[in-house]
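Two complexes come next, and they have one chain in common, chain A, joined by chain B in the first and chain C in the second.
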Partner chain A sequence: MGYSLNHRETNALFDRLAAEYKIYAPKRFAKQGRYSDTDIVRYDEIHTAEEIVWDQKSDFSAKEVLTPVTEPIFYFTEDEYRESGAPKKKILIFLRPCDINAFEHQDRIYLQNGGFCDSYYQRMREKTRFVLMECTEGWDTCFCCSMGANKAEEYSAAVRHTEEEILWSVKDEELTPYFAGCQEADWQLQFIEKNQFAVKIPEIADKETLAKLKKHPMWQEYNDRCVSCGSCTLACSTCTCFTTRDKIYSENAKAGERRRVHDSCQIAGFDAMAGGHGFRTTPADRIRYRALHKVHDYKARFGDYHMCVGCGRCSARCPKFISFPAIINKMSAALEEIAAEASK
Partner chain B sequence: MTNPVMPKAHRILHINRETEMEYTFRIEADFVPEHGQFFQLSVPRVGECPISVSSFGEGWLEFTIRAVGKVTDQLFSMRPGDELFLRGPYGKGWPVEQLRGKHLVFVTGGTGLAPVKSWLNKLYDEPGMAESVHLIAGFKNEAGILFKPDLARWKERFSTHYTLDNDQIEGWNTGLVTKFIPEIPFDTFGGNYAVIIVGPPVMMHFAALEALKNGVPEEKIWVSFERKMSCAVGKCGHCRIDETYVCLEGPVFPYTVAKNLLD
Partner chain C sequence: MNCDINIKQLQKNCWRQSKVPGEFMLQLRVPGSLIEAKHLERVVYIANTWGNGLFHVGMRHTLNVPGVKYENIPAVNAYIKDYISQVENEMCGVEMEESENGYPTIGARNIMACIGNRHCILANYNTQELAKKIEPLIFPSHYHIKIGMSGCPNDCGKGQCNDFGIIGQAKMDYVYDRCIGCGQCVEACKKHATGVLAMTEDKKVAKDACCCLGCGECAVVCPAGAWVRQPKKFFRITIGGRTGKHTPRLGKTFINFATEEVVLGVLGNWQKFSAWVLDYKPVYMHGGHLIDMAGYEKFKEMILDGVELNPEAKVAQRIMWAESEMRGQINVIPIGEHPVAGPQQ
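Our next item is the complex of A and B:
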């Protein structure tokens, strides 16, 4: 069912929802950006429609709502681990189609991979409902259409934002009662059909080709360019890697907590074992590892989609202007070279 | 909802100082793991790390631990009666049943002996389990020799080659494990055998190449990987190589799979 609400009515709707839902959306944090006098847009709880940033891609993805950068998982005393508490309210997240598709990958890793269901993710996910923000223009770093992630079906409601009103399309019956008395409106949700550029997805025929691509000289340039800061993976909507850190509350206390902290395969030491032995010791090795995961390894494991949804946040956040779509296109070019070499 | 990363407290029953750097901890626990599986050992306020089971029996598990990290350093300050936290067992162990009735060749480097120790002891206790057992066990030096009583027992029933990388001492060979692979009579096994290689990455790499050079087909070789892990349940991403998670599909791999796992 479709509705038209002006901003004041939307805020009244948010007030009604507040008894049961926490609402998260991209929000502006003035002057908290990386450079002086720049802002940052990231996910946080909102109470009014005015707080939502509609006209800009969020710097960080919606995954932080479900898996915060730092999350306590256990509180411990000397002889006991106690699980941290679950959220009490349901969660409503405003996000774009690529981000909804990204959650499909998050779900797969956290809820299914290896037959283990992560209870921390699950307790958040089962309370989460999506509000799709219509996205028809995209930005210069977007390549969702190439990744097939420009459309999404799994949402409870969709919204279109204009100067005067917010159009709602409500699918989830759980939400319908909150719209009682609202003005009905007929409108058709649109999806972006073409980005400013397209990428060529590499097709890696077999293990032998994969090994050749890993050794291809294309990766070497990143030894000079990448600074292994991990900004790309932190902003990525599909990256799930984390590490575990124990924290003591005070110097002498026996009490403390075990935290899950986002980690990055791009940072040196990600694969280093106790004693220091590591496997991917150069920026080139690490970029190759991330790139292949996004457009080969994940699909090789699960069979259907590539992991990357083309949100482009990695490129936008990279302080060295490394473009992920450019990496993908270079992989495709390298594979053509490898194929030509093999057919000689 | 069960929490797959919830550790439980277990009492330390006994600590055996194998070497200056390696202690074996016997822990009170009822798990019956597969040979070659691992647990996450946990010390509150310090952290967690994956450790292979080196031995197990009625009501106990043993872990042979090398003091190389912050969790293991903390473990070394513990005493019998203290509690440490465990979760597991995780991963795929050795294909013990699949390899029953074959000639078995073990090639181990240093603490790589730990993940096959329980299997070797089972083979010792049940001589009918294998046609024959050959063990090439290498250590860096005399100070690094592990499981001395077991090594002595295994000599009785297995064909053994014990070697130190550099040291020369009585009763021991000198040289890398690869030196002794050509001495294994592969051609007398009638094709009914398997080669099990465990140790540091470089040692496993060269031991596998040496086995291949001696006519061992790839599909008869098995290895066990060691990788950094945070969760051990396929979530944290640290141990992933291509589409494979070492914590889920490993740590034991057939060489046909392992040879393609390039980090």
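Our next item is the complex of A and C:
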């Protein structure tokens, strides 16, 4: 069912929803950007439509709502422990189609991968409902269309934002009662069909080709360019890696908490093992690992889609202007080279 | 060459004497070292019409046109009326009478500044915007003052070589929950700044706030947005730096973490202080000499007169100057030639 609400009415709707839901959306944190007098846009709880940033891609993804950067999972003292509390309210997240598709990957890794269901993720996820923010233009770092992630079906409501009003299309019956008395409106949700940038997805024929691609000189430039800071993966909407850390309360060394904290395969030491061993010791190794994971390995394992949804946050956040779509295209070009070499 | 030229007067009008008799170099002020590029067309015109076709990037970020003949100076002075009016009055809000006689004084030297946070990824404030607020406080005045402004404690704007350095600082907030414990801020602080950050046992970051420069390197390198600059801008004010043949020295910190109001208050008092020290005769001396003549305590008293310090501001209790004693040349004179203490033969 479609509705048209002006901003004041939307805020009244948010007030009604607040009894049952916490609402999260991309929000502006003024002057908190990496550089002086720049802003950061990231997910946080909002109470009014005015707080939602519509005209800019969030720097960090919506995954932070379900898996906060630092999340206490249990508290311990001597031989007892207690799990951290589950969210009491349901969660509504405003996000774009690429981000909804990204949650499919989050769900798979946290809920199904290896036959294990992560209860901390699950308890958040089952309370979460998506509000799709219509996205028809995108930004210059977007390549969702190339990744087939420009459309999404898995949402409870969809919204179109204009200067005067917010158009709602409500699918979820749980939400319908909140719209009682709202002005109905007939409108058709649109999806972006073409990004400013298209990527050519690499098709890796066999293991031999994969081995050649791994050794291809294309990766070498990243030893000079990449600083292994991890900005790309922390902003990534599909990355799920975390580590666990214990906080021992200094006043009582027998009590503390275990947290999980986002981690990144791009930061040196991520793959450190006992005895000082590591698999990927250079920035180029780490970039290659990430790139292959996003557009080859994941699909090879699960069979359906590539992991990358083309949200482009990795490129947007990279302080050294390393473009991920450019990496993907370089991979495709390298594969053509490898194929030409093989057919000689 | 037989001209009757009042060199001193010309110098006051921002004309510099050349070794070639009868030639002078024009110095156009660029407060904050940034102006609209369209003004460069005027510089090209002056250089090609009255100069020798050359252009010099001034050492205090002025636009210098050498090789102007004495007899052409009135024409150039008339021509730069619009430049002065647009840059000084319109851009900086200096309320100067428009004149065909060129610059009225050279006393307050051009405020030089790095590009600041309009462009630079390390800078903590907009140097030009603050320079524009400072310009009307110091110019036009026959009392000399040299100011260098830098967006961050790297001090590319060479504030420490000036009477006053205005160096951008940020008070940092640590968003504990956003920190992933990667340690990049700790490394960056150690490498580029004062090494006040350390990893804690639980892989978060602890800070020794006392020695933080406020440079913001931690925010620049943090991949997670865990370090953020507080919105309020702060400045380290350095004083008494100078180049020169006699006793060059780097400036020393006068106030750490001063607000903009304090910066403007201090610089607003400079003319009063200079006048008092020099017995109301504006002769050219580096500001540091004036501070030395008055003594730091007297300087502090007069320069902070009526200035309400912000709570974060820390004022130097004393200053240990460290001149390069060019006159002594201790470092290059053989030991045997050093002055000897005690009874001489």
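Throughout what follows, the second predicted complex is superposed on the first by the 342 of 344 C-alpha atoms of A that agree within 3 Å, B and C clash if a C-alpha of one lies under 4 Å from a C-alpha of the other, contacts with A are read in each partner's own complex, and residues count from 1 in each chain.
Here, a contact is a pair of C-beta atoms (placed from the backbone, for glycine too) under 8 Å apart; a residue touches a chain by one contact, two chains touch by 3 or more.
Nothing here was measured: the structure is a model prediction, and the numbers come from that model.
Colleague: Could you tell me if A:R34 is touching chain B, chain C, both of them or neither one (first, second, both, neither)?
Modeller: After superposing on A, A:R34 lies in contact with chain C but is clear of chain B.
Colleague: Of the partners chain B and chain C, which touch A:D59 in the superposed model: first, second, both, neither?
Modeller: So A:D59 only meets chain C here.
Colleague: Contact-wise, after the overlay, does A:N113 reach chain B, chain C, both or neither (first, second, both, neither)?
Modeller: A:N113: touches chain B, not chain C.
Colleague: Considering only touches as defined above, state whether A:K22 meets chain B (first), chain C (second), both or neither.
Modeller: Neither partner.
Colleague: Kindly classify A:R258 by the partners it touches after superposition: chain B alone (first), chain C alone (second), both, or neither?
Modeller: first
Colleague: Look at A:E83 in the shared chain and tell me whether it touches chain B only, chain C only, both, or neither; answer first, second, both or neither.
Modeller: first
Colleague: In the superposed model, which partner reaches more residues of chain A, chain B or chain C?
Modeller: Of chain B and chain C, B contacts more residues of chain A.
Colleague: May I ask you to decide whether A:C229 touches chain B, chain C, both, or neither, giving the answer as first, second, both or neither?
Modeller: Touch status of A:C229: second partner only.
Colleague: Which holds for A:D246: it touches chain B only (first), chain C only (second), both, or neither?
Modeller: In the superposition, A:D246 contacts both chain B and chain C.
Colleague: Counting only touches as set out at the top, which of chain B and chain C does A:I73 meet: first, second, both, neither?
Modeller: first
Colleague: Across the two complexes, find the residues of chain A that touch chain B and also touch chain C.
Modeller: Overlap of chain B and chain C footprints on chain A: residues 245-246, 248, 263.
Colleague: Across the complex, what residues on chain B touch chain A?
Modeller: 1-7, 9, 44-49, 66, 68-72, 83, 85, 200-201, 226-228, 230-231, 233-238, 240, 242-245, 247-248, 260, 262-263
Colleague: Name, in rising order, each residue of chain A that touches chain C in their complex.
Modeller: 29-37, 40, 42, 59-60, 68-70, 229-231, 234, 245-248, 261-264, 267, 317, 319
Colleague: Where on chain C is chain A touching in the complex?
Modeller: Going through chain C, the ones touching chain A are 117, 121, 123-126, 151, 168, 170, 176-182, 184, 201-203, 216, 219-226, 228-229, 231.
Colleague: Which of the residues in chain A come into contact with chain B in the complex?
Modeller: Those residues of chain A that touch chain B are 73-74, 76-81, 83, 109-110, 113-114, 116-120, 122-123, 207, 210-211, 214, 240-246, 248, 254, 256, 258, 263, 265, 270-275, 277, 279-280, 285, 289, 292-293, 296-298, 300-301.
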